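Here chain A shows up in two complexes: once beside chain B, once beside chain C.
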Partner chain A sequence: MSCTLGEVKNRADFIIYWGGNPAECHPRHFTRYTLTPKGKFIPRGRKDRTMVLVDIRETMSAKAADIFLQVRPGKDFEMLSILRALVKGQRVSPEGVAETGLKLEQLQDLVNRMKAAKFGVLFFGMGLSMTRGKHMNSAAALTLAAELNAFTKFVAMPMRGHGNVTGADVIMRYTTSFPFGIHMGRGYPRFNPGEYSTIDLLVRGDNDATLVLGADPGATMPKPAIEHLKRTPTIVLDPKVTHTSRLSRVHITTAATGITAPGTVYRMDEIPLPLSPPLKSPYPTDEEVMRRIREAVQRKEPWYPVKSDAPQMV
Partner chain B sequence: MTTSVMPEPAKRELTVVKNAVCTFCGCVCDDIELHADHERIVETKRACNLGEAWFKNHTAEHLYPDALIDGKEATVDDAIEAAADYLHAAHMPLVYGLSNTTCEAQREAVWLAELVGGVIDSHTSL
Partner chain C sequence: MAGMRFLLMPIRSNKQGQQLNVGKDGDDYIAIVNTMTMHPEDMKELGVVNGATIRVRTEVGDATFQCKEANVPRGLLFVPYGPPTCQLMGGETDGTGMPTSKGWDVEVEVV
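Our next item is the complex of A and B:
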């Protein structure tokens, strides 16, 4: 269950940030969408909203919060489960509560506030979705938000990082029906994170060529993954010569998205926005280079058997 | 140093783009006002410190070679052919990244992955 940031601005009176530091990573999130703006049903702006921050340490964002809850590292799932139990009025074990590093009164107070909210939002960041428990944590956060709808309107939204990663999810979803980690080797899409996710493929050394577009894994990935990128042919499209370019066989410089290249990008709430680049690049765009690589592959013999009377892929 | 890079204010003709879109983080703020001369963005109104750094870090200058094959300068045409050769020859190619690019390019990436029978994945899986 999610919504747009416009709805958050106009309606949300209770905002939780979990495992994220918007003050430093999404600096205008507070002022443009969530905390300070005056909305249609939030006439007094910040005064009409309550903000809770859940994180393992007191970040810059804690200054903006009304309530800061410091959860013990790696205990997010436990805390979410206790909150879900409290929402349903079930008993929770004191040992379980102690494990989260918080007091039962604090958690009960949070639950009371969540239920009393007119419109609550739970924003969760990589501190929740990329730490111990990973997608189970995200699932628990989404379930908590969904279950709160028995009492009030409550939504959850991931705090997406890099510019158009939301667009990648949307495009892959509507073209293949899956959001990421998709294998087309059987001629139809199969989805299996853990098997077809990049780090796992590279660390195991499953793939035998890589095309990198709009990313720099050479700077961020674990060493075995980088070694595999070096060992096998890697192709990089990037506005700059990156770490990955240096270990690749082919690098093509492209125009920078939104600065010299036009196109569309998705905001984290899945609102598509057209770009208006102010500069003209001496380099081709990603779109043009990708199209030309695709056309060059299309001119070659297909890797799959084709009957002469079968319809051709166009 | 500054004077050699920046033209005299009187001579500089600035293009002003209102409601420009910043693609640095997931907020994708679309209320930025950009002032740019022919080569670089000189002013970023309403952008945050991350956005300002992002806009000013990219220019329209020809700073890098058009393409590199095995670390040596090459033409884009040759690089595209080489890329197509590698991807076509591979049994299980991977198309990865897709964050810092447009939806139009992402669609092409999905098409390419389908065509070569490979894997396609984004930063979401990290």
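Our next item is the complex of A and C:
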């Protein structure tokens, strides 16, 4: 249950940011889509919108918010559950409310505002999805947004970060049906987060080689995963020498997408945007390097016996 | 002496994002990912001043950071993600594929 940022700009009169700090991490979000722009049904821009920030600390985004709700660390799921109960008019325990660090009046006021909105959006960030509770927190946030549709139009959207992570998810989804954590070992895709996802594979030491494309796990992943990257052959494709390059066996310098290489980037609302490079690069693109590696691999005889009627990779 | 217990919240910051594009070997990036913010009362209790070095330890590993006073809740520490926080992060994903990236229970001691 989501929408594009264009719809947010033109329709959303009630915006919640939960566990995210867009003022610092998505600095154009407020001005291009969610707060200040005037939209088709939001003629007065900022004056026609209410913004609520839920976070464990008063970030720079709090200055832009109409209402700031400071939830206790690790109590997001509890707060979401209470909000869901209040949306349905159910009673909630005072002890449960006290646990969140907020007052019942604050939560009831939020629920009243959510129900009274014409078009509400819940943007949720890593403060919700990558803290204790993880996918359960995200599921609670999505369920809250879904249940609010009994009263008004309400959508939810994750605050995706980094360049084109959404693109990776979208492409994997339409080529394999799954967004990440995909095992192709049997020639067809199998999906199981926790088993085939990158960090789990590395931490358990399941893989004996790693190809890193447009990422720097050496500076972002947990220590046990980095240790495995060091132990086994790692190949990096990146325009720059990264922390991962230094622990890898091979670093291939590639052109920078959007600057010296063409491509398509997916915005966080999954809108594809074509990129036209303004400069030229002496280095090959990621796509070209991958194609050449693939061609070289295809020329090699498989190390295992292949039956003539076995399913073939396309 | 045992150190003080805190909850550590690795975060992202605007300056960190800018410096990512400049390069992770730059002095500015290294300073950003090594600077941990703390409530002034917690700093007093720990016995540290602005700029002091602290050692932060989890079950997985330890790393040192420069301490800086900031308007943050008591009992919580904040530091932008980077190579030092990787040293503290465990590999358990609880079946989700993503490690717990925030809310680590840490022990802090003055170096």
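Quick notes on this one:
Basically, the second predicted complex is superposed on the first by the 301 of 314 C-alpha atoms of A that agree within 3 Å, B and C clash if a C-alpha of one lies under 4 Å from a C-alpha of the other, contacts with A are read in each partner's own complex, and residues count from 1 in each chain.
Going forward, a residue touches a chain if its C-beta (ideal position, glycine included) is under 8 Å from a C-beta of that chain, and two chains touch if they have at least 3 such contacts.
Just so it is clear, the structure is predicted and the values come from calculations on it, not from any experiment.
The partner that reaches more residues of chain A, of the two candidates chain B and chain C, is B.
Of the two partner chains, both chain B and chain C are touched by A:193. Once the two complexes are overlaid on the shared chain, A:264 sits against chain B while remaining clear of chain C.
Shared-chain residue A:137: touches no atom of chain B or chain C. When both complexes are overlaid on chain A, the residue A:160 reaches chain B alone and has no touch with chain C. By the touch criterion defined above, A:243 lies against chain C but remains apart from chain B after alignment on the C-alpha atoms of chain A. Using the contact criterion defined above for the overlaid structures, shared-chain residue A:181 touches chain B and also reaches chain C. Within the superposed three-chain model, A:27 lies in touch with chain B and with chain C [touch as defined at top]. By the document's definition of touching, neither partner reaches A:61: not chain B, not chain C.
Of the two partner chains, chain B is the only one that A:283 touches; chain C does not reach it. Note: residues 25, 27, 130, 161, 180-181, 193, 197-199, 202, 240 of chain A belong to the chain B contact set and to the chain C contact set alike, using the contact criterion stated above.
By the touch criterion stated above, chain A contacts chain B in their complex at residues 25-29, 32-33, 130, 159-172, 175-176, 179-187, 189, 193, 196-199, 201-202, 206-215, 217, 232-233, 235, 237, 239-241, 245-246, 248-253, 256-268, 271-287, 289-294, 296-298, 300, 303-304, 313.
Contact residues on chain A toward chain C in their complex (touch as defined above): 21, 23-25, 27, 56-58, 70, 73-74, 126-127, 129-132, 134-135, 161, 180-181, 193-194, 197-200, 202-203, 216, 218-226, 240, 242-243.
Contact residues of chain C toward chain A in the complex are 7, 9, 11-14, 17, 23-24, 60-61, 71-73, 76, 78, 81-83, 86-103.
Chain B meets chain A in the complex at residues 15, 17, 19-31, 34, 36, 38-41, 48-51, 54-55, 58-71, 76, 79-84, 86-126.
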